[in-house]
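Right, I'll just put the structure down here and ask away after.
By written order: A, B, C and D. Residues from 1 in each chain.
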Amino acid sequence: MYKAIVTIKLKKGVLNPEGRTILRALNFLGYNEVKDAKTFKSIELLIEGDDEEKIKEKVDEMCRKLLANPVIHDYEIKLEKIE
Amino acid sequence: MYKAIVTIKLKKGVLNPEGRTILRALNFLGYNEVKDAKTFKSIELLIEGDDEEKIKEKVDEMCRKLLANPVIHDYEIKLEKIE
Amino acid sequence: MYKAIVTIKLKKGVLNPEGRTILRALNFLGYNEVKDAKTFKSIELLIEGDDEEKIKEKVDEMCRKLLANPVIHDYEIKLEKIE
Amino acid sequence: MYKAIVTIKLKKGVLNPEGRTILRALNFLGYNEVKDAKTFKSIELLIEGDDEEKIKEKVDEMCRKLLANPVIHDYEIKLEKIE
């Protein structure tokens, strides 16, 4: 069994209004040491199987087919073996 | 300067409709090896300062005041020194 | 054919950190006339069929089974006939 | 006092992975009458003031400065007078 963490971020240069909003709100509350804020989404999948290489390929395929928009998103996959 | 990653997850037992939807969609596409799916949100903050302990406290305060809903969310803070 | 708009809001009393963040950010930018902010999500479905009553029931079932978390969300369904 | 509802949708042609995921999940559950699904976000603002024209202009400015990403989002503003 594997746990896969898929992290989906906006590509560099794509504005992140939610991050910008958080930055302004923190500054408003007096946290002026905060200089930038970005948000991103993660998906944690529990996957049956033993072949790490093959699982990674499958998860990459899931990202392209369903989970991410390749025009605006970059994604990253981390696998962790669990018993 | 520090980079803080705040990870905000729904508490155990709080239903995550988005994760459930992703699980069903992946199964529909034939990925039957996927047994569970959960989503969570992260916020990456760039913070000026050198005192790691104090920065961690501040970020914890930001979570309680603004970024998380303590009734339904757990959060986790990771700091990384950057030059 | 029908278009269904499902609107999913946090129940009264459930804190909406994203709305709170937006309120603070707008005030920070000088929009002090903004007194409250809440966010919510909508899902627009295109549904084949002619029986409005039955479609509404089905969409209600989709909300309970998949789209909403009944513990923290209220939802509302609007149907519009399209050709 | 006015209530402003800002609706933020992905522009036509921008892939909406969340909507696609919902469509697949509903089909998986047997709701084959659902032919398309899109998601969008709304923000409900409570705004002090009486000049509807001016409030609309201000909210439009908030969208451009903070709430939306003009490259990927379209937005729509609806105002409703409340006492």
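Just so we're on the same page, a contact is a pair of C-beta atoms (placed from the backbone, for glycine too) under 8 Å apart; a residue touches a chain by one contact, two chains touch by 3 or more.
Chain identities (UniProt): A, B, C, D = Phosphoribosylformylglycinamidine synthase subunit PurS.
Bear in mind that the values here come from a model prediction, so they are computed numbers and not experimental data.
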item: Chain pair showing more contacts of the two, C-D and B-D; value: C-D
item: Where subunit C and subunit D are represented by their mean Cα positions, the distance between them in whole Å; value: 10
item: Euclidean distance of C-alpha centroids - subunit B vs subunit D, Å; value: 24
item: Overlap residues in subunit B, where contacts from two or more other chains coincide; value: 20-22, 24-25, 29, 66-67
item: Category of the chain touch graph - line, ring, star, complete, other; value: complete
item: Interfacial residue positions of subunit D with respect to subunit C in the complex; value: 1, 7, 19, 22, 25-26, 29, 31, 33-49, 55, 58, 62, 65-67
item: In the complex, subunit A residues that touch subunit C; value: 18, 20-25, 27-29
item: Of subunit D, residues touching subunit A in the complex; value: 14-17, 20-21, 24, 66-73
